[in-house]
Amino acid sequence: MKTEIKKILEDVAAGALTVDEAVLKLKLEPFVDLGYAKADLHRAVRQGVPEVIYGAGKTPEQIIGIAGAMRSRGQERILITRIDADTAAQIAAAHPLRYYEQANLGLIGAMPEADGDGAVVVACGGTSDLPVAEEAALTAEALGNRVTRLYDVGVSGIHRLLAHMEEIMTARCIIAVAGMEGALPSVVGGLADVPVIAVPTSVGYGASLGGVAALLSMLNSCASGVSVVNIDNGFGAGYLAHIINHLGKKE
Amino acid sequence: MKTEIKKILEDVAAGALTVDEAVLKLKLEPFVDLGYAKADLHRAVRQGVPEVIYGAGKTPEQIIGIAGAMRSRGQERILITRIDADTAAQIAAAHPLRYYEQANLGLIGAMPEADGDGAVVVACGGTSDLPVAEEAALTAEALGNRVTRLYDVGVSGIHRLLAHMEEIMTARCIIAVAGMEGALPSVVGGLADVPVIAVPTSVGYGASLGGVAALLSMLNSCASGVSVVNIDNGFGAGYLAHIINHLGKKE
Amino acid sequence: MKTEIKKILEDVAAGALTVDEAVLKLKLEPFVDLGYAKADLHRAVRQGVPEVIYGAGKTPEQIIGIAGAMRSRGQERILITRIDADTAAQIAAAHPLRYYEQANLGLIGAMPEADGDGAVVVACGGTSDLPVAEEAALTAEALGNRVTRLYDVGVSGIHRLLAHMEEIMTARCIIAVAGMEGALPSVVGGLADVPVIAVPTSVGYGASLGGVAALLSMLNSCASGVSVVNIDNGFGAGYLAHIINHLGKKE
Amino acid sequence: MKTEIKKILEDVAAGALTVDEAVLKLKLEPFVDLGYAKADLHRAVRQGVPEVIYGAGKTPEQIIGIAGAMRSRGQERILITRIDADTAAQIAAAHPLRYYEQANLGLIGAMPEADGDGAVVVACGGTSDLPVAEEAALTAEALGNRVTRLYDVGVSGIHRLLAHMEEIMTARCIIAVAGMEGALPSVVGGLADVPVIAVPTSVGYGASLGGVAALLSMLNSCASGVSVVNIDNGFGAGYLAHIINHLGKKE
Amino acid sequence: MKTEIKKILEDVAAGALTVDEAVLKLKLEPFVDLGYAKADLHRAVRQGVPEVIYGAGKTPEQIIGIAGAMRSRGQERILITRIDADTAAQIAAAHPLRYYEQANLGLIGAMPEADGDGAVVVACGGTSDLPVAEEAALTAEALGNRVTRLYDVGVSGIHRLLAHMEEIMTARCIIAVAGMEGALPSVVGGLADVPVIAVPTSVGYGASLGGVAALLSMLNSCASGVSVVNIDNGFGAGYLAHIINHLGKKE
Amino acid sequence: MKTEIKKILEDVAAGALTVDEAVLKLKLEPFVDLGYAKADLHRAVRQGVPEVIYGAGKTPEQIIGIAGAMRSRGQERILITRIDADTAAQIAAAHPLRYYEQANLGLIGAMPEADGDGAVVVACGGTSDLPVAEEAALTAEALGNRVTRLYDVGVSGIHRLLAHMEEIMTARCIIAVAGMEGALPSVVGGLADVPVIAVPTSVGYGASLGGVAALLSMLNSCASGVSVVNIDNGFGAGYLAHIINHLGKKE
Amino acid sequence: MKTEIKKILEDVAAGALTVDEAVLKLKLEPFVDLGYAKADLHRAVRQGVPEVIYGAGKTPEQIIGIAGAMRSRGQERILITRIDADTAAQIAAAHPLRYYEQANLGLIGAMPEADGDGAVVVACGGTSDLPVAEEAALTAEALGNRVTRLYDVGVSGIHRLLAHMEEIMTARCIIAVAGMEGALPSVVGGLADVPVIAVPTSVGYGASLGGVAALLSMLNSCASGVSVVNIDNGFGAGYLAHIINHLGKKE
Amino acid sequence: MKTEIKKILEDVAAGALTVDEAVLKLKLEPFVDLGYAKADLHRAVRQGVPEVIYGAGKTPEQIIGIAGAMRSRGQERILITRIDADTAAQIAAAHPLRYYEQANLGLIGAMPEADGDGAVVVACGGTSDLPVAEEAALTAEALGNRVTRLYDVGVSGIHRLLAHMEEIMTARCIIAVAGMEGALPSVVGGLADVPVIAVPTSVGYGASLGGVAALLSMLNSCASGVSVVNIDNGFGAGYLAHIINHLGKKE
């Protein structure tokens, strides 16, 4: 990181750069130059990691434009979250988009090969949690992770969860998605010894308070190794699982 | 119940009671006479059912006085809830009280024989929930129920719960006590096919919000047959379990 | 339950099964085999008990498919909750569905004969609580319970409630449905000595906070024998009442 | 009220006051002069109405000083709310105070004769609500109202309330004090046709949320004629009842 | 009230009624007979007081039917709250309804002459609170009260409020309607010495939390004589003001 | 301000006004005359300051009427907030309105020259906060302030914020707009030594609770000089920034 | 600010500094050098401005130590907030501290001369808000501002506030402190045309929710120019008022 | 894991075990045998990993007893959380405990060598967050992780955080501890590309709501890779960081 500053200084020392030019240079791009930013170039190290467009609140035109700009500078794979079928259809007219309706998510470019340290398990209890679970699972896959889906393992039918002990025990990271009482992460966290990312969903009614009940439940988990993301934040869970599952590749 | 009204009317018809006397009689005791109240005499049907004194906010003197009045009219067994050891000691000087410190509860008179339809299971996950669980268990016992305690069956160690399937499957009613994430009733409710009374406790810190997290979790239970009482309300759960466990005795 | 394990072991002892085959068998179906799950077969004991489909968030096609699968394996009676009239019409084109519009609930197959221990009373105070009250009542009826409806007994006209003391005193279980201030279960609980299941509804405005006011009120009931289910959860109350009303049939 | 302005103007017209002196006079005391303030003198119309000192957060010395100032300008009766026994003892050393321990309230001077339009009923359900109920009752009495206390009329024993129909039907104003589920005002409001002032108390635990459950319940009362004051605000209820009970004396 | 019981008893004494017939009669209509209910007949004392239909959640057909039944038994004046213009139009085709669009309220029959003890002031600060203020004002008028409207007196322009001191000082009861910060009742309560009924409205956004901010503000009013009804409950405030304004007529 | 009272008094002294006429005059317009109100005329001091119409909840017709009245008495510049494109189009047919779609805000008359003490910086982190940020920025501009927009400076990319240190250090007042975690004002407040007005937005989902999370975060800011307005209240922030930025012009 | 970087570069250009030495220098002190931090030296421009120690949660020893360090490097005036009398006494043994008991605040060194642009008004309604009001007032004074205290101007006695119109109209900035209903800032904001800093206090009980009611009320103020700080944050308000009152001195 | 079942089956096949004995064996220890539990033996793989005792709510005697039992079966290193100095002193009399007062945490046995994949950074902004930060840091160290402490890096002084970019960029996992506005994790998450565990603390007052403000802020973090644990849960964060930092050692 420090090489660019060093180069500026060497140029100054060498007279190739005047002091004023150097001041300007340091002032204009102080952080990119100084390496304070999480450099986007960093990503280029691993081939094929997609950029992400958060679709909610953006018009199809805006998304098409952003995606176009990304592709024009060489980005082949772009993950677009929180878009409905109509928006996806409009994007698909401009870019080679594959749309995953259940997860409200689209991917420009092909799914990458999984290159993580192990498998990411995505678990949830019922069909209503599927959109969030799939957002998590597809995000992880699009970022290059092998994903195992356990989608019928709610705590009120504990035997179905226990029937998947092998997947749970061998995962590198587990995403536990649950609405209503939000108890799944606690049970999973008691069985596994890897990081468990709990995702509360807004599924429920009445005292579920839009997912707050599940959120509070998860924050109070008595199992070790559990942490929580925002309600319905499947993308955030998938992204964090990806980071954890690629730590072995770091440095 | 209607016999008393009938008697008044017969007396009127027979001239043994004037109309004005009858009006007065009906006016003065309309509800006892008409049977609208949950008649206390009803309880006399089953020998030995205790009366209950809710001790919180009462002075030892007040409790001693109330208990004395009860005993003087023949009540041998009196359950006193929410009293600390000091209060209990003062009461014990005046009445034959046995104090259960963990449950903050005392009983005047001996524990009755269990005469319910089956067993009441009281389950909880950890030592901090014990006071509430014991309040429930002792209440049920004092009212004449056989109680099975399962006190180390939290959801983050699910195997310990599963090791007690036999007790769970053969109970007449299950009280599931839990603080923090409050997931136990959902798991138990998924295993059992009897009524599950969920008792949230105020055990926890931070986002447990004094038991509200557990309460919300339980209200959102995805298991059938689960209902909820107030935070820390072990007595209420024990009493309700008693009613359910004695329905077979009714009529 | 244990017979299947026993049979595997006997086959092993008899040489009819190799050790490895037995391991596989135990591993593949450990929970059904071991009886940890609330076996669905269990239900077959009582003829005609329906299965339940929670309709909210499911497409008509999904519901039709699930119902078809259930019927093809012999299930004659299926209760479908939380469906609107349009969805019901589409299902009715595929299955012999009777739709109960007020309760947003449909039943495939005829209502069963009531075979419970006694009557279930469903009480509520006003017309706006009717959908939830009917969901509870029809659920209980579909599961084989005799239901008495008391639908104009709000606490601000206490005489109407008192005029039904006989139904209240002879019920096996009472479901008290109320929105706004949620006081009905407390008054009913003070009159009856059977389990009272309180159902808060989201009826109200402003400080009713979508039913939270009624919910809190019910959780704080000073009457004994009251427990609470989620806001608007008529089905849950009806189901729990059914379990309580069939305890006499157990074992 | 307008007489003082008029006098100033007349003095100006008569030359007894210069324009500048008049401006100053109007500027210095614009509101007292113009009568915008709820004039304290107004109170002198009715002999013996006390002034009120809100004791919470004041030292005994401060209260003694304020009471002294009031007495020195002729006020014989002073109501002091929210003081504990110690504070009361210190005040009693300086002023002729009678302390009402249950209500945490003291009165300097004798209780006045009741001179209101009718009776104020103060109703509550249990012993734990007594401090708030007594604060309301004594406040009303100290302001000159006849008070009828109904202190054992909780909604879970509805017959006790109904036994007092005569007091309820003949009151001029009813104060209904309740903690926990806060249902009393709804039931009372359904029986009476006079204003019902609902006072939630902080009595309860867990989901009573320090009185918020009772407060919400009361705000959602389905009975007409009910309004609500702050949690534990017995004084406010007593004062409002006093205003209502003296409207007949107005103008 | 007691005359009907007396008559039954006299008939029994006279042999005109058998004991069993009398029991049945007492049992069937115990509360109407015994006078426990707020007798609707009571209202007939004052000519022309309307009955009220709460329109929210009722179909136009239901409302037409209820109104028809009322009119057929002689009720000439019927107040219907919370109906939109479409519903009103349908009702108007069946009954002589006058619709007040701003208040979402209709009246069958003519407005009565005001016969209360004095004037009811309805005050609010801005145009967005008008629907609730008008619901209160029209309710009071329909019940026979003279209403003074002060509709531009918000606390952020305090001079406008002060310009109406005369109306405020001479009112019998004041309804103060306010959304957002809900400060109006406190200021009005500091100026007036009659009951102030505070009505929070759901007007506002963000931290107004649907009227909860105004509600809490009003409950904490430091002015004496203020009580609060539910958010947007203009009807309740108008009804309570009516009761207060007719106390002089009582007994 | 006091000149008008003085004139009335002088007229009285001169006999040009009778005492009664003077009383009436003082009574009828006490506050305008006495200067208690924030006189609208005050504004005329600075040429071109717009009046403001809060558009939410007003019909296009009402807004057109109000704007017409304002213009007819000489007001050339009128700011209309919270109107959608349709409403704006209707207004534009009647008045020379320029509509700013992103900010849901329109201006009749041209933007004024900036005449404040310095620049107002409006900062926000992402595209979803733009409507609120633009409401603030355009409000400030319409009131005569120079505005610097920093619209891509979220805290999760801190280098982008730091790249604008010069604008931040030289501002007269900074408006920091943020949804979700609401951290921007804290970071900005730590960098600047001018007033920072924090505006939480309702941008977000789940645990953002409609902007309450950002609001709480901002209220807890550990940086000095930060104060907060209501959620989404861009107008309020812009107006306050204007007041601060024109203090140098005062007196 | 940029002079230091320039100097480093010039030294590099002149060979007085090697490239590596320069890299190190830039790396070690990047932010002080680059001027990104709100430089403490900045403060030295105005003689006598105190540093501030937030006393809550610090031991007397820690405070004494920090103050000692500050004084040893020449700081003569140190403001210490949130300390009780005992802590103050211990500090006073080590440093020349003057303690202001009501505000829980101490000042080492003498109060400075006021050098702001105008006066800061601190207004509150009652004695219970005094600690917060004094914290604000003394903070402003210690930072060099002239403070006018209006301490008996609650909204339920509006005339007292109006009697101080002159102070309000001539202030440079107003701090409005209020607990309970928190209405003061709205009324003040409607009267003044300078920034109003609203400070909710935790004074109150029941539905005041520890100051949240006042906080919400203030956030919803319908008066322009009002912004809000945290509950009881008198220091923050005083500091912000100081910044606003010294803007004229800037640049 | 499957070896034990296999052995039972082989014994059955060999006749060494009868079928009934085998059934019993499978029934008695189904879960340990089947490996469903997170086997404690698992931990023995890594030498020196401590067991953990959650001290809150346990008496010194209980802790001494539990620790004694652990040590007697060979556990040398035991971490005891949430104990005060007194409790620690009593434990230290029975076991070789080192107490860390700031973190309210004790360790029996020596700190282990760090054997994780990299360094765990623990960051916080101020002295008041230190107890939670130290609980996290010491937990991680006791579990065998190298910990880098950054304890003065609050967001209102962003330069101090940026001065530690090297530590942040090279960490394996970052724990960001913050009270009040809870913004630190967002800023850190924007700088780092490793998992960030956010720990809200209960530090603050007023609108911090006991840490809920910080909690909500963190859940809404706009930075990727951030997840959250319960308020003040330093232990949970330290344990999760440990799991993440030892993933490279797995399998």
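Order of writing sets the labels: A, B, C, D, E, F, G and H. Residues in every chain begin at 1.
Heads up, the rule we're going with is that contacts are C-beta pairs under 8 Å (C-beta built on N, C-alpha and C of every residue); 3 or more make two chains touch, one makes a residue touch a chain.
Everything numeric in this text was worked out from a predicted model, so none of it was measured.
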Trace the shortest sequence of touching chains from subunit A to subunit D and report its length in steps. 2
Relative to subunit H, the most remote chain by C-alpha centroid is chain E
Cα rotation angle, subunit E onto subunit F, in degrees to the nearest 5, is 90
Contact counts by the stated rule: is the higher one at A-B or C-E? A-B
Counting shared numbers against all numbers at the contact of subunit F and subunit H, is it over half, same, or under half, different? same
Gap in Å, rounded to a whole number, between the CA centres of subunit D and subunit B: 39
So which stretches of subunit G touch two or more other chains? 30, 36-37, 157-158, 162, 190-191, 206-208, 212, 215, 219-220, 230-231
All pairs of touching chains, each written as two labels joined by a dash: A-B, A-C, A-F, A-G, A-H, B-C, B-D, B-E, B-H, C-D, C-E, C-H, D-E, D-F, D-G, E-F, E-G, F-G, F-H, G-H
Sites on subunit C touched by subunit A in the complex: 30-32, 36-38, 56-58, 200, 202, 210-212, 215, 230-233
Of all residues in subunit A, which touch subunit G in the complex? 2, 5-6, 9-10, 12-13, 15, 18-19, 22-23, 26-27, 30, 34
Residue numbers of subunit A touching subunit B in their complex, please. 125-126, 154-158, 162, 179-183, 186-187, 189-191, 204, 206-209, 212-214, 216-223
Residue ranges of subunit F in contact with subunit G within the complex: 35-38, 42, 117-118, 162, 165, 169-170, 172, 190-195, 197, 215, 219-220, 224-231, 236-237, 239-240, 243-244, 247-248, 250-251
Using the touch rule from the top, collect the residues of subunit A that touch subunit C in their complex. 127-128, 157-160, 162-163, 203, 205-208
